[in-house]
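Paired with subunit B in one complex and with subunit C in the other, subunit A is shared by the two complexes that follow.
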Partner chain A sequence: MEMPKPDQTIIDRRSQIINDLHSIVPGEGLIADEGELKAFECDGLMAYRQLPLVVVLPETTKQVSQIMAYCYKNDVKIVPRGAGTGLSGGALPLEDAITLGLSKFNKILEIDYDNRCVTTQPGVTNLAITQCVEDRGFYYAPDPSSQIACSIGGNVAENSGGVHCLKYGLTTNNLLGIEMVMMNGEVIRIGGKHLDPSSYDLLGVVTGSEGLLGIITEVTVRILRKPEIAKALLLGFESCESAGDCVAAIIGAGIIPGGMEMMDTFAIQAAEDFVNAGYPRNVAALLIVELDGPAPEVEHLISKVERIATNNNATYIKVSEDEEERLKFWSGRKAAFPAVGRLSPDYLCMDGTIPRGQLAYVLRQMSILSQKYGLRVANVFHAGDGNLHPLILFDANNEGEMEAAEALGADILRLCVQVGGVLTGEHGVGVEKRDLMGEMFTEEDLKQQQRLKCAFDPGHLLNPGKVYPTLHRCAELGKMHVHKGSLPFPDIPRF
Partner chain B sequence: MVPETAVLNDVFIGKLRGIVKNRLSTARSVREQHGHDESYHASHLPDAVVFPTDTEEVIDIVKVCAEHGVPVIPFGTGTSLEGHVAALRGGVCINLMEMNKILEVNAEDMDVRVQPGVKRKQLNEYLRDKGLFFPIDPGADASLGGMAATRASGTNAVLYGTMRENVLAMEVVLADGRLIKTARRARKSAAGYDLTRLFVGSEGTLGVITEITLKLYGIPEAISAAVASFPDLKSAVNTVIETIHSGIPLARIELLDEVQMEAINKYSGYDYPVKPTLFFEFHGSVNGVKDQSIAAQSIASELGAADFQWATRAEDRARLWQARHDAYYAALALRPGAKGMATDVCVPLSRLTECILETKKDIEKSDVLAPIVGHVGDGNFHLVLVMNPDDPEELEQAKELNRRMIGRALSMEGTCTGEHGEALSVMIALKTTLDPGDIMNPGEIVDLQNQ
Partner chain C sequence: MGEILKPGDADEVLDIIQWATNSAVALDIRGAGTKIRLGRPMSGLPVLDLSALNAILYYEASELVLSASAATPINQIQQALAENNQVIAFEPPDFGKLMGTPSGAATLAGILSCNLAGPRRIQAGAARDHFLGFNAVSGRGETFKSGSRVVKNVTGFDLSKLMAGSYGTLAVLTEATIKVLPAPEKVRTVLICWAQDGSYDHGGVKALGDAMASPHEVSGAAHVPAALAHLSGVQFIAETGSAITAVRVEGPGPSVEHRCRELRQLLGRYGSTEELHTTNSTILWREIRDLDFFTHDMNRLIWKLSVPPSEGSRVALKILEGNPGDALYDWGGGLVWLAMEPREDALAEVVRSFVREVGGHATLFRAPDKMRATVSTFHPLDGPMHSITKRIKEGFDPNGILNPGRMHDDI
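The block that comes next holds the complex of A and B.
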């Protein structure tokens, strides 16, 4: 993984930059001590580490704006950082960049039940939003597994999902508005409490932009009323194919479950050993299907899903008796990663997404790849929307195994792209999948995406080296300055 | 009416003919058909209209236009209400209706890939025997390319969202003729900037859409619709808010005031009570729909709804929603020869009643004929200002009314079509970066010439 070459002139100016930043963010909001900087050297993708030039932790939008304006003027790069739980290295520091952390933006600003929305600062955790409205029977729908720790600002930057996004959408479908500081220090608001107005969908563009377009300083999200009732079914199958067919049949019947997750034998055993979720051990694939809504509707759908499962050769069917059991069913799935982690010193978690119809084929190919590389792969995934999370187990202490695991991961993602899927469904590209972007997009597609970046950050100061394999200068991309609307080639004959 | 543009350049037209052969017209009548939509907005004629049949032709057309600095205006069915297709600076209108093939249905993945000229009813007829449908239904039988370009919404946006939520990927010809794909068929992606969302709603100002991949839905097991009339506007709007707050999963809820109901009765020969009215629709299982309907009816009755008519048969529902879809044409028919100015505002739900009631008062004070219709479930409503745009005084009065309505919506933390707020600088930067020659539907969304 090659990062952009650090700019020595910036590193040489480090003490000056620290002084200047201190005048914007006084006291503890600035971290320059090497020992303390260690805490910021990586995010959830711990394979890559780098000490930042300096860390700055502003508390107000005004401070963020001043920092950005300063960096813009002085050509200093910025790496934004939320809670640091990202899995693709989006917050990996750069030697010549300041890391701008938003952990002090930790207040919930407004709860508006009438309009079903909550406005918060970006450093608030995903779960805290649900917690602040649950006593009134509401919740925030996207629920990444790291929701106790990950921040809502980071969710916006990564367009995070979770087990319930099949029915309730990703962050982009639940976000109503943001306040954002542009690279030049300008503060803009996009959206609000209402439906988006007609014009360019800037909110859609910024969501999932991995900190490359601006710093989000305020977030307004939609909250939903908790469904009257939720029940989960465990469905066991003798083959992954049957489980895949069952998923397709459920969706094909017009049922959109609140969540529909699949685990393979390996993941089932690991989860069962770890948390005793009550999973059957003698099945090749397990589906957890959750149905939520008004009670009669849920009962009706459960019997429908049971019928579909039987028709697809399910060998095990169990419906949660009560809320406690439903949560127990989920506990195994939610703990799947640490559970598998116990079986191996290291693992890589992939995030490819495929069209649902390709599920069985991809699983077969994956097991062939797993044998080829001699590495074990456990599968847990959001089956309803085709988002796979293969976990590749390896031991970094064995020479060459880390490289083999990375190569296997790359092969799996290539496989996803081949069948019409994408490299990442919800974890982002970051540095981890950066060099694979060419597998999914053509050179022209990628150039167009980077042109968009030029409109926000022409100097490429925001989070450089992430997402895009090659950094193009904006001028190379054919950006042309139009002065006062005068067109190019003014003397070419026109009608 | 703008003056005729200057003399056609033979070299340029020759190049276009080389691409589309005889599928090019400079005839005034054809240009007139392509210079306006269904709104009061003044016509601005393109200088030529071309009818490409495939993406390759679109690429070549855009390349020639880019080379000559000539504006490009993509055109679908011309059923927009916002003046999207007016050729404000002349140029070449690309009529995409010849590109009307349904390319690929993936029933298992519930998606479909279409050319931009496919119309929504055509798509749904094609899908019916597969048990699938595409829900977004703006009033007109619009083209899917046009719907994507304008981020069309419809009566069931409460349940299914707008085009924003339902376009999975697009193929787009950019301002310099390069072809890109914005995304792939997968349901979720966190890979790269979301160009799909950027192009949805970009109104032809960033490129020409040549292919669209859409999400499909299973036709629900049971559907039930109802019409309820209310003693006054307030109780109708409050019923909407109450129903939504009680968590009843509505598929559609539409408000029509008494003026609009009268228009519909006259236009379609119905005999609905001439009172503020709500149209409802529920989707789901047989039992679920029954429960939802009963719950909604009891809320409506409590708030004063007089009669509740149910429509469970498909043909009755079709008739009912056709009446709603015809609202715009019905309003215009109230005054033969008149044109419509469709306004579009959206406010937070908590301010909806207040905003609609104040607007209604304002209309009553003026001389303008202006029925109110709205998707209301999402806080969105419209006026159709029926007037003669050639009468300057009338036009001014209508515009004033609209301005006040926008001001009111904005003061209530709402928004309106064409309102860009603080992000205008970013929009200009985007347009300048992605279409440096300003040839893609120039003057729409952000007007680079007047910045």
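The block that comes next holds the complex of A and C.
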């Protein structure tokens, strides 16, 4: 993975930059000591590491604005960072860039029950939002497995999902407003407590933009009342095909479950060994289907799903008896990454999405690829929306194995694109999938996306080297090609 | 109207746009023209008529995804979906009657480009939330795509969101993919019938807040003051003669019945409650969606206000004080429709200053061409928002040939 060549003149000015930043953020908000910088050298994609030029941890929007204006004026690059749990290297530092961390933006600002929304600083964790409203029976719906640690600002930047986004949507569908500092230091507010923009949907554009468009300094999300009850079913199958058919049949019956997750044998065994969730060990695929809502609805749908599962050759069916058992069903799925991680010194977590109908084919091809590379792959799968998380096991201490794992990962993602899917469903492109963007997009597609970037950050100072494989200068991107001359289409009807 | 160019496919769209951008000829981009009266009039520009781009290209019911050419009529799509018991969940409105344009002809790209959504917005999201991907030709005369045919995707910037609500000012959509959902099995509406002697705007909005804060997954939340209720096509409502507050629940039968019971108990303290069943519910929510209440007097101006839901009635009543008109509340109070007597300035300053106080925006939705040519129909953009919007426009349409000025003076 090649990062943009560091600008030596910036590195040479390091002590000057530190001094200048100190006048904006005094005291411990500035980290320059090499030992302390180590804590920031990577995000959740731990294979890539780089010490930042310096880390700055502002506490107010004004400080962020001053830092941005300073960097804009002095051509200094910035890498935004939330909690650093990202899995695609979005917050990976650059040698010649400041890492701007938002961990001190850790306050919830307003809970507005009348309008059913919470306004918070971006460094607050995803789970803390639910925790601050749950005594009144509310919650924040998107629930990434990392929710105890990841920041809401990071969720916005990645458009994160969770097991419940099939029914309740991703971050982008639950976000009402943000405050954002632009690269030139200007502060803008997008959205608020109302729905829909009156002009271009900048909120939608910033969501999932991976820190390339601005620094998010405030977030307003909608909260929902907790469903009256939730119940989960564990369904075991002798083949992934049957499990896939069962998923299609549930949706075909008009049911959109709160969550619908699938695990393959390898993931089932690993999870069972790790947390004892009570999963059947003698099945090839396991589905967890959760139904939530009023009690009569849940009862009605549970029996419908049971019938569908039987018709699709489920060999194991268990309905959660109580809340404790439901959470136990989930405990295995939620711990799937670490559970598989225990079996191997290192693992890579992939994140492609496929049309659900292609599941059986993709799993078969994946096992062929896994044999070809000689590396084990476990599969957990947001089955409802076709989002696959193959976990590739490897040992970085073995010569060449990390490269092999990456090549296998790339092949899996190419496979996802080939069957009509995409490179990433929720973890983002970052540096990890950057060089695969050409599998999905033409040069024209990518250039048009970067023209949007240029409208926010014409100097490519914000998180450069992420998402886009080639950095075109904005002036270059703005140039117009001259196309054909006069009206050359006699065949088109004109009135 | 200027001349009409009618490309037969996406390649011909590309040809035309390349010619137009080279020759600096601005175009009026149309699906079928049902929304030509939204935004500033594009008088006299050559029309790029996309109506020949009309076909469903991909529909896989079990994937919950549908792709179609830009100008495929929404009706045609809904028919195909109905065969599989599915729907476009954001309830695309049909404003033909309201705007004095043809009904039932709206196109997929037209609805997406205007980001319009009906009452189910509060539960299922707007058009933008269902817009998964597209092919388009930018004002630069280049074909590009974004998004995909799967529902979960974060690969690259989400340009579908940008295209939604851009009113054809950034690129010409040639193909779009949307997410579709199972049709609700059953629908019912709980009505609060208020006493005879008032419009109960505040009470209605408060009751809607209670309903939306309940766990009953409300999929429609509207208040119809008495002055409008008597125009309803639902006989029961027209005859009560009082203001009504309506709360919709949808889903499997046993669930809908249960939630209706609970909601009636919850809302009973505001007044007597009634239930509408499928047929009447369908009529009521369609007339709220399409604003049938405002189709009787076509001279009245219509404002669309998007505000924090709890502020809806306060803002509306402040504006209406001393300015005759009617308010209709949807989205739990967050969407306020005002029909007002015509005035040259459309009362724009008054409307927008009250909206600014609570946060939100106001669109002049229906007004004569002449007025829309002078009063800004979309909420004016402040300094930094204006410059960022302009830079985005320049990145997609540097020569300003796509619907120039439709949304804002220089955009």
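FYI, the second predicted complex is superposed on the first by the 478 of 495 C-alpha atoms of A that agree within 3 Å, B and C clash if a C-alpha of one lies under 4 Å from a C-alpha of the other, contacts with A are read in each partner's own complex, and residues count from 1 in each chain.
Here, a contact is a pair of C-beta atoms (placed from the backbone, for glycine too) under 8 Å apart; a residue touches a chain by one contact, two chains touch by 3 or more.
Just so it is clear, the structure is predicted and the values come from calculations on it, not from any experiment.
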{"item": "Partner chain in contact with A:Val163 - subunit B first, subunit C second, else both or neither", "value": "neither"}
{"item": "Touched partner set for A:Ala97, first subunit B, second subunit C, both or neither", "value": "neither"}
{"item": "Subunit A residues contacted in one complex by subunit B, in the other by subunit C", "value": "112, 114-116, 158-159, 161, 165, 169-170, 172-173, 182, 186-188, 190, 192-202, 204-205, 207-209, 225, 228, 248, 251-255, 293-294, 296-297, 300-301, 353-357, 385-387, 420-429, 433, 437, 440-442, 444-446, 448-449, 451-456, 467, 478, 480-482, 484-485, 487-489, 492-495"}
{"item": "Partner subunit A, residues of subunit B touching it in the complex", "value": "5-9, 11-12, 47-48, 68-70, 82, 90-91, 106-111, 131, 150-151, 161, 164-165, 174, 176, 178-198, 200-203, 217-221, 247, 249, 284-288, 291-292, 344, 346-350, 378-380, 413-423, 425-427, 429-434, 436-438, 445, 448-451"}
{"item": "Residues of subunit A touching subunit C in the complex", "value": "112-116, 137, 158-159, 161, 165, 169-170, 172-173, 182, 186-188, 190, 192-205, 207-209, 225-228, 248, 251-256, 293-297, 299-301, 353-357, 382, 385-387, 420-429, 433, 437, 440-442, 444-449, 451-456, 467, 477-478, 480-489, 491-495"}
{"item": "In the complex with subunit B, residue positions of subunit A that touch it", "value": "112, 114-116, 158-161, 165, 169-170, 172-173, 182, 186-190, 192-202, 204-205, 207-209, 212-213, 225, 228, 248, 251-255, 293-294, 296-297, 300-301, 304, 351, 353-357, 385-387, 417, 420-429, 433, 437, 440-442, 444-446, 448-449, 451-456, 467-468, 474, 478-482, 484-485, 487-490, 492-495"}
{"item": "List of subunit C residues in touch with subunit A within their complex", "value": "3-8, 12, 15-16, 18-19, 21-23, 60-65, 85, 115, 117, 121-122, 125-126, 128-129, 138, 140-146, 148-162, 164-166, 170, 181-183, 185, 209, 212-217, 251-255, 257-259, 262, 306-310, 331, 334-335, 359-363, 378-379, 381, 384-385, 388-389, 391-392, 394-396, 398-399, 407-408"}
